[in-house]
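See structure below.
Every chain is named by a letter (A, B, C, D and E) in the order it is written, and numbering of its residues begins at 1.
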Amino acid sequence: MSAILLIAVPLLAAFISILFKKYAHYILVFVSFASVFALGYMDLGTITVGGFNAPFGIVLILDDYSLIALYIVNTLFFLVAILNCNEFKKVGSIMLVALAGLNGLLLTGDLFNLFVFLEVAGIAAYLITTTNKKPLASFNYLIQGTVGSSLYLLGLILLYAMFGTLNMADMASSIANSGYGAGVTAFPFLLMFIGFGVEAKLLPFNSWTKGILANSNRLTGPMIASVYAAAIGFVFGRLLTNVFVIEDTFLIIVTIILIFSVVAGEAMAYASTKVREILLYSSVAQAALVVVVFMSGFTGWAVYLIIGNAAAKLVLFLITNTATKQLGNDDVETFKGLFVNNKVIGLAFTAVTLSVIGLPMFLGFVTKMNILENMFVSGDYIWPAIILITSVVEGIYFIRLLLNLWYKENDLPEVKFEFVLKYVVVIIAVLIMVFGVYTEPVQDSADNLVAYSYIEGGNL
Amino acid sequence: MKNFLAFITVLVLGYMIVVSLDNNEAFPAYGEADVSSRVSQAFIDRSVTEDPGDIIFGQATNLESGPANIVTAIVADYRSFDTLGEVTVLFVSSLGVALLLGGKKQKRLELNFHPNFMLRVGSRALFGIILMTGVYIAIHGHLTPGGGFPGGAMIASSMLLLYLADDEFRAKIKGFKMLESFAGTAYVLIGLTGLLLGGYFLENLLDNGVIGDLFSAGIIPIVYVLIGLKVGSEISGIIDNFLTEEGV
Amino acid sequence: MTVELLILVALASGILAYFVGRLNKVLGAVVTIVASMFIFIMIGYMMQDINAGTTFNYNAVEYMPDFVTFMVTYLGLFFAILVTFIFAMVSFFNPFFVEKYKYPALYSMLYLFSLAGVLGVFLTDNFMVLFFFFEFIVWSGLFLIPLGKNNKAAISYYAFSTAGSFALLYAIFIMFAQTGSYNLHLGLATVSGTTEGTYVLALLAFAAFAKLGAFPLNVWLPRALGKAPDAITAVFSGGLEKLGAFVAVLALVKLAPIGDIAGTLGGLTEATFLFASQYIVATLGAMTIVFGTLMAIRQDDAKKLLAYSSMSNGGYILVALSLGGTLGLSGGLYHIVAHALASAAAFLAIGAVSRVTGTTKMSELGGMIHKMPVTYMVYLIAIISMAGIPPMGGFISKWLIFQAVIDNGLILIAVAVFFGSIGSFLYVFRPLAALFLGQELPQHRDKAKEAPFFMLLPMLILSGLIVFTGVMPNIFLDFINDVIAELGGTGLLLGDYTITGVNGVLQPTLIASVFGVGVLIAFIIFILLKKSKKVGLMDTYTAGNFIYTEELMHYSLDFYAPLERLYEKHINITKDFYKKLENKVVDFGRMIKYFFFTNKPEITVFWIIVLIGFLLWGEL
Amino acid sequence: MLQYAAIAMLMLGLYGLLTQRNIIKIIVSINILEIGLNLFIVSVGYVEGGIAPILTSDFNNNGLVFVDPLPSALVLTAIVIGVGTTALGLALAKNIYQKYGTFEIDEMGEE
Amino acid sequence: MIDILLMILTGIGVALFGFVLQTSIAGVNRKVVARVQKRYGPKWYQEFLDIFKLLSKRSVTHGWIFDFGVIMALGGIIGTAMFMPLTSSFMAFDGYDNFFIFVYLIAVGMLGMAMSASGSGNPLASIGVMRALTTMLAYEVPFMIVVLTIIKITGTSSLSEIGLFQQVAGNSWFFIALPIGGIVAVMALMGMLGKKPFETYIAPAEIASGPMVEYGGKQLGMLFIMHEITVFIEVSLFVHLFLGGAENIVLFIVKYFVVYTALNIISSVYGRFKIDQVVLFFYKWPLIMAITQAFIAIYLGWVI
């Protein structure tokens, strides 16, 4: 079974679903489950679309890297779909298109095709955020998204004008043996970096995040913060490792942006008192961290960092948004003592937060240790210092949040979490714990992932 | 003051971009783009799979991709996956507009302009002509410039004419929805049949026939007509949503 | 009984304690007693094998990742025995205190988890395992502290210990980059003496300071220990603080000291030269002593007072270890033993009082001796050792440290050390006078009753040991000599009863017996004379007027008022510093939030233009 | 010459985004930006003296040169994406107007 | 086993001798101070009479800690006195007369007295104890710094050897060799003895003789004995450290008498400091002088 079905089937379902408005969300759940299920039978390699091979036609690449990416994004998507299917009926078909867009993003090997799928997924995302009932925030998100993707297109066209091809692998090889200095390609790559920076929530470009995530609901929160973040992370990783050539001035700019994002993200999270704000600012910092790890070349561990963050943010946003819906606002004050009488949710929330901070016995710890170890071995001394200092700050505001949620005596907020949510959240927490302790599979899968960071399929 | 400052920065930025593009040796100056070094040379002389020699209009038969209009060849055949993505974008935005503005029972927006009888009747005649040209452009996509998207836009403009000319007029939205969904599904199904029979998604199964004829270039014209219908119905749907409001 | 099995036993019993605790709170706590006693005995049992000269290197149990290796060294065993002993003794208190906590089952589980963590840290030769268990203790301690009064203290505890452990991690990775392996001894050996050695020394010292609560990083200790549940404070100050001492030993002893000071002070005659790193650590240790003593003198809450006392004793340990040499090392290590026993006993006594009266604030307590005489005696013996008065262990370690300080001719540090030892007499006496002695306040008269036998048992064992370490220290000093020999120093010259320092010989048993003879003589004099009439406490010389309310006759509120007035203004120097630091971070965050996150797209566009401009600047 | 015009349009769009606070004006400036971008895309493919890339009957006798067809294909897609986003923007604008009663962002105040 | 018993007996003998010596000299000094105040003063054995009168009277007790404290105080002081070397060669326990033993065993006596005073239930006693401890904190640190210099120079911390070091031909008494140190030591000694300027913890006017307020009869008598022996230890410490110890017993008694009388005369003309003045005083000049003395002696080696 070829991977193209992952895009074609959801599209087909979307086109059909507008006719049967009532069953749209059942189709959604069925298709997303089918795509997760079908991933098992996909055979690796490159899929040419329309019969024309690589540099001329459009080509989809399914190697280890995108397989893991697809597994993660599809499972998370399925979880979000299952948990929200009866509440947000109207956006069923839009979610289907979003699924197609995301799968397209992860699979495509062609830069312009990447722009098209970025737009498809983007527009689907703008529409999903309109369920927040905050039109101004969605408008702001739309404008910034469009500006971002236009800049990406401008950068892409400049590259096309210079090297005459649109295929990623072909572009990378023609840049490599074109012999031009780094200065030539710096401008288009910066434009593409900014284009993706907007979507990946890097600091100077993400002023839309607060509007969207600070008043998100059970659908938009997990959708934007974990599913989209993971997909964009993976695609950005693929671009950074395979296509981008990052040297002197461009490197300086990128490093400044990343340092600023990580440090400011943690400082903002420390300064905020609303639970969702803490989570969104910490996810800004985590996103920047992911980009840093990709740039230093440890693709395998960057993948695990994305997985850890995406799973964590899914659990955190699900719990927070469910509680906010029933309590009205999401101040830490109103949340105090939330876990006293729903311990299972509390345990899952704590396990996931501790994994994000990077305490032992959790997946986060294994990833962070290995990233630091590789950085030190590759002679980089500054980034580990920044990572450690920011994770101390991060630890403090997360622990402050946790202790507020666990320890309180009187007038506890009563919030009812339905069974499905509990079930999902506990499974994720247990998985994080299991892989935190039993680290063999994580260790060697991360190491050999690094080997395949180049597109093995896209006939270089 | 802020505007003036913004103007200065934008000006300086523009100047910098122009200068950097000028002295960037890889970026060809305006007009000197050497197409041969680019991927598109293969599209021009249809030599992606095998080299058919020089193409004579009216005689060359079953080239690797049929349409005389090379841009349509790229849009509908070489990179038709983009167009599929393209169509989804439009589909989603029309769906979104319907979601944002559409309610259960819609009635026409109360505008203070009430057209007189002459305008209402005259526009009916004009509607037919615009519709026909739109369909013509859609059908001849693979020969003459234009194609699915411009054709679809013209079809929608004819609908717009009716909406503007007559303030009680409301098209049957149900029909547009059906057409849109049918066209979309047909397009994807053609792609899937290509996958099943020809081994590649969206492969051109039918033979390309002689270049330049009306019935040449395999599935391209069919796909383009479908796209034209889909775009037309979607944009009309959007027009309807904008020109109506909640009400009994 | 290999080390891994021991740690697994600790973890398993922790989980068992959790489930048993769910059924019945007290039973869960009893499990902690059984488990910690068992582990202590096993460690003690391990003592014989090591004495037979074989240092075991237990390789990993099969399913652990292969780089996890444990090694029993004299140093590790010294700390392990001491801390497990403290854990075992304090665990006797758990059953009596566990009902009061919000999550009793969690309490017993985390108690045993931190014990497992302690074993892991001391008995390994691999840095990554050390860091893993270091974090493990921080993590389990974090959820233990808020079971007490409030959870703000836990946050500052977490902040400082994580800062410390991350500094340790950075040092580990520097060594890993040099040696390519996480082996502890190899890492320290290759790095010592090089420039990386300076960074590693600084970072390890930072970690030790954070764990010991020494001067620059001392804000968390009084808050955490003051607010934590009583048993946990005892465990913290007796046991977990010794982690910091362990890291200090790694930093100050195993790493070659950096840069010699003689060069800097311009070739002074005859004063022995100390290396710059040792001098800095010694000065900071001295500041810790002074700061801890001054703060302890003015505390009203007995637990906070003892917390500050463990901080200033941490300073002693740092000064001793940084001076190095036979005297410094043996003084430091012996002080670790003496302080651990004394502070654990003192905290347990205060805990016993707070169990009965519910508060440890001296202004609300008084005259507890009448109802709790045994606790009083335990507390008296503990503070005699803390103040460094002869018959008890504290005197021996202070004597050794004084010898080291004098021998190195460090005047300013000597001022701090002497001030600390006299000051310790002052602040340990304050709870004795204000809490135990003086008028018996009516509100506690009915509730107060002597602690049950199971609580008295550990206290008596501890005070017995305190006396024993004071009278017959040579047994412990022999073991310390083995530790020093393993660390590469020369052991202390020990006769069968005497200790010969650099400028004097000490025979503790003789001092004790002479003191005994003196007391005997005084007792004989007392008995021979007429028996005096017993009179109530209220019947005192009050210049003729009658007083009926006990509170008026009980002097305990701010005991050292004249002394406190002298330095009242600048008490919380470090607290203000960290508060300012925190405010800086919050302001920075708020400024960026205000500046960047508005609902207007122009911010993003502006920054995009700026970045592109920055890149293209070169083109002009 | 066309390229400078395209870049000028791009800059005009950016200027609009930087300064305008009215929702509709922002959408208009986004459109200007996209038109500028599309112009730029087409200008990249222009060849001096090239004709439109369509094979016609009189093509094969007088050896004409084609303009690069790929950018024009890409521009086709870019235009339609621009239409999609503008439609969505206008729909959101209508919603905002219903909610806040004004198009000026400053008057909307913090939600 | 026998020689240990012998040593203990000689120790007790030394303690007894100390008590008798000090009480008689105290009696003589009472006459000297009286002369300063233009009166004759009581007989030289008046001190003995007071003590034995007190021991014979029946008194009141406030509980077992009240008595246990007194016993512990007297016992501790007697124990310390047993270690004291009378001349540079004659001492009870040869070679174990370490300086730190004296400083810390006195603390045991202090602790015993403080415990029983606080146990007596009278707040004035607790205030007195607080003042005593604060004064101790004040005078102890400069004194220890000066002693540090001495130990650093002589290389040993046992009193008799320090005495012998001073008696060696070349070097003079430390009182002369370390002039600033000597002055600081005198001040510290006055603090230790609780002589007039630093008498705040007894302060008969304010807190009715401080810790002693609740005592009477045998407890008070025993505390008087303790006080006398403490004075003996402190003054003989001063003699051994600063006045070159003594070859024979007569020289020791003469030096002892001179020091004690000089102190009494000085203190008889002074008023009384307030408690925080005491602390401020000791932490201003004496500490600086001690540190400069130590710096000069150790690092620059200027020893006269």
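Here is the rule we use: a contact is a pair of C-beta atoms (placed from the backbone, for glycine too) under 8 Å apart; a residue touches a chain by one contact, two chains touch by 3 or more.
Model, not experiment: these values are computed from the prediction.
Enquirer: Both chain A and chain C are touched by which chains?
Expert: Chains touching both chain A and chain C: B, D.
Enquirer: Return the chains shared as contacts by chain C and chain D, ordered by label.
Expert: A, B
Enquirer: With centres defined as the mean of C-alpha atoms, identify the chain lying farthest from chain B.
Expert: Here the answer is chain E, farthest from chain B.
Enquirer: With contacts defined as at the top, give the pair, A-D or A-B, that has more of them.
Expert: A-B
Enquirer: Going by the average position of its CA atoms, which chain sits the greatest distance from chain A?
Expert: Taking each chain's C-alpha mean as its centre, the farthest from chain A is E.
Enquirer: Go ahead and note the Å separation of the Cα centroids belonging to chain A and chain B.
Expert: 32
Enquirer: Suppose each chain is reduced to the average of its Cα coordinates; what separation in Å results between chain C and chain E?
Expert: Between these chains, centre-to-centre, one finds 35 Å.
Enquirer: Measuring centre to centre with CA averages, how many angstrom lie between chain B and chain C?
Expert: The mean C-alpha positions of chain B and chain C differ by 76 Å.
Enquirer: Averaging over Cα atoms per chain, report the distance between chain B and chain D in Å.
Expert: The answer is 15 Å.
Enquirer: Among all residues of chain B, which ones touch two or more of the remaining chains?
Expert: Each of 9-10, 13, 17, 20-21, 33, 38-40, 43, 79, 82, 85-86, 89, 92-93, 96, 100 in chain B touches at least two other chains.
Enquirer: Would you mind listing the residues of chain A that make contact with two or more other chains?
Expert: Residue numbers touching two or more other chains: 112, 116, 119, 123, 126-127, 130, 136-137, 143, 147, 160-161, 166, 183, 187.
Enquirer: Among the residues of chain C, pick out those that touch two or more other chains and give their numbers.
Expert: As it turns out, chain C has residues touching two or more other chains at 599-601, 605, 609, 612, 616.
Enquirer: Mind giving me all the chain pairs that touch?
Expert: Pairs satisfying the touch definition: A-B, A-C, A-D, B-C, B-D, C-D, C-E.
Enquirer: For chain A, which residues are in contact with chain B within the complex?
Expert: Counting only chain A, the residues touching chain B are 2, 4, 8, 11-12, 14-16, 18-19, 47-53, 55-58, 90-91, 93-94, 97, 100-101, 104, 112-113, 116-117, 119-120, 123-124, 126-127, 130, 158, 160-166, 178, 180, 183-185, 187.
Enquirer: Flag every residue of chain C that touches chain B in the complex, lowest number first.
Expert: By the definition above, chain C touches chain B via 609, 612-613, 616-617, 619-620.
Enquirer: Using the touch definition up top, name the residues of chain D that touch chain C in the complex.
Expert: 14, 17-19, 21, 26, 105, 108, 111
Enquirer: Per the contact definition, I'd like the list of chain B residues that touch chain C in the complex.
Expert: 9-10, 12-13, 16-17, 19-20, 23
Enquirer: For the complex, which residues does chain A have touching chain D?
Expert: These residues of chain A touch chain D: 112, 116, 119, 123, 126-127, 130, 134-139, 142-143, 146-147, 149-150, 153-154, 157, 160-161, 166, 215.
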